[in-house]
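Order as written gives the chain letters A, B, C, D, E, F, G and H; numbering starts at 1 within each chain.
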Amino acid sequence: MTNEEIKAVISEYSPEATFDETGTWLNVMIQATDWLPLAEALRNHSALDFDYLFCLTGVDWKTHLSVVYHLTSKKYGHSLVVKAKLDDRNDPVIETVCGIWRTAEFHEREVYDLLGVRFRNHPDLRRLFLTDDWKGFPLRKDYEDPINMIKL
Amino acid sequence: MSFLTNYFSTIYTSVRSLLKGMWKTGYYFTHHKEIITQNYPENRDSLNLPERFRGEVVMTHNEENEHRCTGCTACELACPNGTIKIVTKFDITPEGKKKKALDTFVYHLELCTMCNLCVEACPTGAIKMDQAFEHSVYDRRLLTKKLNRPDSKLMEGVE
Amino acid sequence: MNEVPLNHFLIVSTALFFIGVFGFLSRRNLVTILMSVELILNSVNINFIAFNEYLWPGKMDGLYFTLFIIAIAAAEAAVAIAIIIHLYRHYRSIDAEDTDTLRF
Amino acid sequence: MLSIAEIANSLQQWLMATFSPGWATLIEFVLVGTLVLSFFAFLGLVLVFMERKVSAYMQLRVGPNRVGFRGTAQTLADTIKLVVKEGLTPDGADKFLFNFAPFLVLITSMLLMAPIAFAKDFQIWDINIGVLYISAVSSISVIGVLMAGWSSNNKYSLLGAMRSGAQIVSYELSAGLAIMSVVILVGSLSLNDIIASQQNGWWIFKGHIPVIISFVIYIIAVTAETNRAPFDLAEAESELTAGFHTEYSGMKFALFFLAEYVNIFIVCAIGATLFLGGWMPLHIGSWEGFNHIMDFIPSSVWFMGKTFFLIFVIMWFRWTFPRLRIDQLLNLEWKYLLPISLFNLLLVTFIALMGWHF
Amino acid sequence: MSVSAMFFYGLSAAVLISALLAVTSRNIFRSAIFLLFSLVSIAGIYFWMDYQFIAAVQTIVYVGGIVVLIIFSIFLTQQAGVDLPTPLRGRLFFAALASLCGFLLVTLQLLAHPFRKGAEPAMSKDMKAIGSGLLSTVENGYALPFELMSILLLAAMVGCIVIALKPNTVTE
Amino acid sequence: MGAGSLIVLIICGIAFAGGGIFLSQVLAKTSTNPQKGEAYECGVPTRGRSWIQFNVGYYLFAILFLIFDVELVFLYPWAVVVKDAGWMAFAEIVVFLFILFLGFLYAHKKGALKWM
Amino acid sequence: MLEEIGTTEQGDLVINVGPQHPSTHGVLHLVITLNGETIKKVEPHLGYIHRSIEKMCESLTYRQFIYSTSRMDYLSAHMNNHACAMAVEQGLGLEIPARARVIRILMSELTRLASHQLWWGAMAMDVGAITPFFHAFREREMINDIMEETCGARLTMNYMVPGGVMFDLHPNFQVKTKDFVRFFRSKFDEYDELVTNNIIFQERMKNVGRISAEDAVSFGCSGPVARASGVSSDIRKLAPYEGYDQLNFTEALETAGDNYARYLVRMQEMRTSLSIIDQLIDNIPEGDFQAKTKAVLKLPKGEYYSRVETARGDFGVYIVSEGGTTPYRIKFRSPGFSNLSALDHIARGCKIGDLVAIMGSLDLVIPDIDR
Amino acid sequence: MDVKKPMDPFPGQVHETPGGGILTGTLDDVINWARSNSLWPLVFGTSCCAIEMMSTASAKYDWSRFGFEVARATPRQADVIIIAGTIVNKMAPVLKRLYDQMPEPRYVIAMGACATSGGPFFYNTYSVVKGADHVIPVDVYIAGCPPRPEALLHALLTLQVKVKSGAPREKITIGEISK
């Protein structure tokens, strides 16, 4: 499926989505609130069939956060990058996609651990890498840790 | 009946596969020329490490106790984990001008990852990787080294 | 061996028997009850052997009886343990008190 | 020819002549005790060293070669180290049983030494139920393992103990049945009688295929009974860290270690006695000259040679095979070894009754 | 007292003491271990009496089999580290009283009763004799019980399997 | 030597183990710290108690073992005499083993020999 | 930590495997719930080797950060470095010389071989056979020698740099590699005899730890784990890089999805790697081994993602650049992370011994998962 | 007994039994000899250095020549922890616990830059322990990332020298070595 066709389908499900085609793959920018229906569509739409979530991560943009999903379809071989924007830096919340791609469970825990994004309805949202009593989210740009972190 | 044939053929194939494995280990047990062990402490003198092997960073000095380091700190900047600290001083050149020069080249061997980036970055080729690897010590403070030798000078003509 | 009179054997076996009885009566745990039963059986065995040795040395019936008792004890223990495990699965307890409503 | 038996006899006579009977017996006991103890310790050292060298050569290595002459003092160093290492008891352990378990295991393997004929006429005690005695005593050692595993208050130990319990008791059956096939042919349980019956050939040669099958089953079963790889589930290192002796350290661990190796020695000695003729030299039918030469080799050498060959085979297993899983292990016993050995027993009986063996 | 007799009394003491510990110990695993000691000591007594075969059988069956099985069942059914609840005082008292009385009664009887020692010459108890006695079908032979044994064992085996496997088919 | 050797051996065993442990108690240096006595479980604290009920899948094997063990005990005297006793003994044991084998087959059929 | 109760249900045993355990291949901590010996649940606890490489890389320049990636999946150090170098080159729009490409492929395949050899030995060790481990290391040491001569290190080479490779090949490289390939080929039978055909090994591996193709995709599995379930996931085929598309090789695929299939896939991959080396070793183009680059690299604002096929699967580097000399955000997509997430699913209902075999067949490298 | 500088004379050569094969040395000498020649390592590797540790065990380098090959999986039976790899804050209590659970005498080798000082992860990381000696006392440090197998052997031999000398850890300080 070409990028144009994918775009068309996506626009159907979330009309506010914007697109960016400069990189290798088609990028879709959406708001966090639109994510779950779109995700379901991406997975289940027979022409899209994005069944393989190979990368899930978050980026702290200082003003807001975004969660980035790299998807590909094993059947058709096309790939897509979805960037969901989370405006509230203090309490970023987005819907989980554990039920759609099971690998998301661990990836989301990682993003929660390091960036503090809460995934709603996640079955087991705990710290993954860091100890349970860890304060703060280290991959945020404003993270300070004078004890553990020696600045060069 | 097929149950019985099955039963016995399973036994046969299993025993065969096991015997084959034993044959192999038995072969090695009796063929000592296959042993590849090197005797490390004895072969210490004949141990030839490849010349590119990176064991530690050293600074080359010639017979007059001169090195090529100008104290430009390019290596310090290139090093990914702050292994190198260059302490500079100001020398008075014969012309009476003040000139920045190397005072101490502090090298934290305990931090170094042998990545070769400092050597690549050095514009004058003052440092290189050495093959020494026997760095065991009882106290880690001994691993912090000063690379330029005492009273060494900058080589003539190196800028 | 001949310095030890038969009575001493019998006293030992009696003592063992009543230790078994004591355990049987005082314990509530089925496994310990089983252990007491084993003790009782063993005291009987000692008797058999002692009688065989002292009273009928020309025969070996005491020996055979002991042999068969041991075998039966083993069979009994096996079944008993099977029952205990089964009861445990039902009642989550092997207390004799809890399981006296023994239904199968 | 100076044989061990003669030395022992003359020593005994001398003792009897010099001391009063009571003292003589006591001194004899003390002598036997020291002998057994030193043999025990020596056996441990040698077998551990042998294991390390065997494994090394199979793995393209040279193994210990620097401590003492060609590494021979390596195990000595290990032993001394273990003796002077702190032996701690975990707080949560059942202290009495925890400390008692190594004793039990060690005493059992000591007791197993009694009926073994080390050389011609050289035996601690020729029990007339020899073989039965061996099975009886060796069944105690499983309790030692269960005790050690349970009293450590450690989950790994517990799992290891359970496994080893199930495993040892299962394999005792086929070991017993394999032994029995030789008993049938000989008609006696005494190890001396069994050796004597192999005067003109070892059972493994005389007894046709059924005895060979018994022999194979015996080797497999005792490998499992001594918790050796590929049946080392009780201490499966990659699964249960160290199995039932996870919590043991220092000397207590050393005792387990020692007992394991001595047990290997014992089962191999029994195997050699039953199937390979014990200290009997290799005799071939009517080759008088050959037989004569064979007789010239001391009987203790024959015995040790056979035993160590079997030990080597068991070590060979260990360094070749992957470990079985617990259910496969029990399957092997109950689905293959046990039915086969039952059937084999009937075959042996048949052969014995028909007089088909040589 | 000769050394030999001392062994007997030592072994008897071991039997009784460990049996007593086995029935009174509140740690059930230790109970099992004491039971083991008691049984082994009984085997020792047999050994001492030169009934080697029975001694070996005792060890094989009791130690190798029954005690192991008991230990397994302890693992399976018990919080093995937990001490058993103390038995009720009254119950304990009555049990002790009853057994003590019984013991005294029987002992008195025993001491009073004169046992006549058998006159026949002792028969050899080696394995051959035991074996032929066990297999002979004539008078005083035990062939029939021997065969019956197999039926008993079969019954026990079937029974165990039926009982122990039941929950698998019903619940769980 | 006679049965006395067993006593010697037992004493040897006790002496060996006891002597070794005693020696190590004397010679080994010790240290204490609060974590030392805890159970080792891969370097993290144990969860819950270690002495718990444990679903042993093997108890059926133990039961079967016990029964076969008894059978083995009966086989020993038989094995000693079978060569002299002749075909009669053979027949007896065939019957004996056959009956037991039935039980074995039953166990097999019921899946008792399968892992639980 | 929460004080949990040891038994969840009657007869259930909660047991820790790891962080220090011989078969977790590092410091994975698994909390497993057992019923008897049967596993009811496996809960991986990560982070015992979380070294915050991603955070660290945010303060390293584009030349510097590459070295830290060899410490993640240290068994595929070259491939990790390769992916990073490619991401940077992608940002710079750099065309790298043909010689450098070939060297990179050769090195990657050698690394894959070394990694698989180690896996083979460790796998055998996990199921209890110790000797194969030593045999595997014999071959691995040969590769290490080759690496050392050219790259200067045995394990963490830092050989790939943006624009090519750090040094030219050592003059001995071709001869030695050919020797090695010949030697290794002759040892394949031995591998089969010792392990593959061994009945105990087969019994331990077959029908254990099965994962279906759908689950493999859903769990994001990649590399041999996915391919053993029949999911084609070889990046060298799907998104060829560095000229893999000009090479003649097939993707190893199995369909059973069990331990044994994973084992066979890796064995097959070793053969594939050998054939790739065969194709290239005599045709190394002459020329530069490094493209000319500036001393200080600056990536234009944007996002770059590069993927390579490491020994464990699909390794991705996601760089967000704000135009500076250091990455703004960097994310490493490690194959082991996704493969691990399937562990609970795979291991339920198995025995403890199986768990060890499953972990061995998943070939986890924990620092790669934790980063 | 004076402590030799690790490099010269090379520690690997001292391997005779005390007293030239006859046990005439004092008890302490014998014990130290035994301890130094029977250092059983704990299987403890966290990351890359563990691979080099495996290489050291493998046939080519073969640490069994010195009797080190009895790698134990449980700290109860081990004598020396070879910290092969990075120690992070979450792992530190585990390491401490393992060390604590080892019976005396126990030794520690910090292998590689990470265990020595945090190495590559010294700066700008929030979760790495900057040197294992912050957690447990360390006897021998090896630099390198990763150190060659020979370097590990060298470290073990260096440790042997130390054990043989019988000097406790506290005594071997920087001052005494340089003397």
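Things worth noting here:
Operating definition for what follows: a residue touches a chain if its C-beta (ideal position, glycine included) is under 8 Å from a C-beta of that chain, and two chains touch if they have at least 3 such contacts.
Every value quoted in this text rests on a predicted model; they were computed, and no experiment measured them.
The fewest steps needed to get from subunit A to subunit C, moving only between touching chains, is 3.
Between subunit B and subunit H, the least number of touch steps comes to 1.
When the C-beta contacts at D-E and at A-H are tallied, the pair with the greater total is D-E. Rounded to whole angstrom units, the spacing between the C-alpha centres of subunit C and subunit G is 63.
Separating the centre of subunit D from that of subunit G, both taken as means of CA atoms, is a distance of 45 Å.
Computed from the mean C-alpha positions, the centre of subunit C lies at a distance of 5 Å from the centre of subunit E. Subunit C and subunit H, compared by their mean Cα positions, are separated by 58 Å. Of all residues in subunit H, those that touch two or more other chains are 31, 59-60, 62, 65, 73-74, 76, 90, 94, 98, 103-105, 120-128, 145, 148.
Among the residues of subunit C, those touching two or more other chains are numbered 67, 70-71, 74-75, 77-78, 81-82, 85.
Of all residues in subunit F, those that touch two or more other chains are 3, 6, 27-31, 36, 38, 40-46, 49-56, 58-59, 62-67, 69-70, 72-74, 76, 79-82, 84, 97, 104, 116. Listed in rising order, the residues of subunit D touching subunit G in the complex are 55, 58-61, 155-156, 159, 163, 229-230, 232-233, 236-241, 319-328. The part of subunit E that touches subunit F in the complex is made up of residues 7, 47-48, 53, 57, 60-61, 64-66, 68-69, 72-73, 75-82, 127-128, 130-132, 134-135, 137, 143, 146-147, 149-151, 153-154, 156-158, 160-161, 164-165, 168.
The residues of subunit H lying in touch with subunit D in their complex are 15, 17, 21, 30-31, 33-35, 37-38, 40, 59, 62, 64-67, 69-70, 72-74, 76-77, 79, 103-105.
Across the interface of their complex, subunit H is touched by residues 19-22, 26-27, 47-53, 55-56, 58-60, 67-68, 70-71, 74-75, 118, 133-134, 137-138, 140-141, 144, 154-156, 366-367 of subunit G.
For subunit G in complex with subunit A, the touching residues are 1, 46-47, 50, 52, 54-55, 59, 215, 217-222, 231-233, 238, 302-305, 314, 316, 318, 320, 328-329, 331, 333, 337-338, 340-342, 345, 370.
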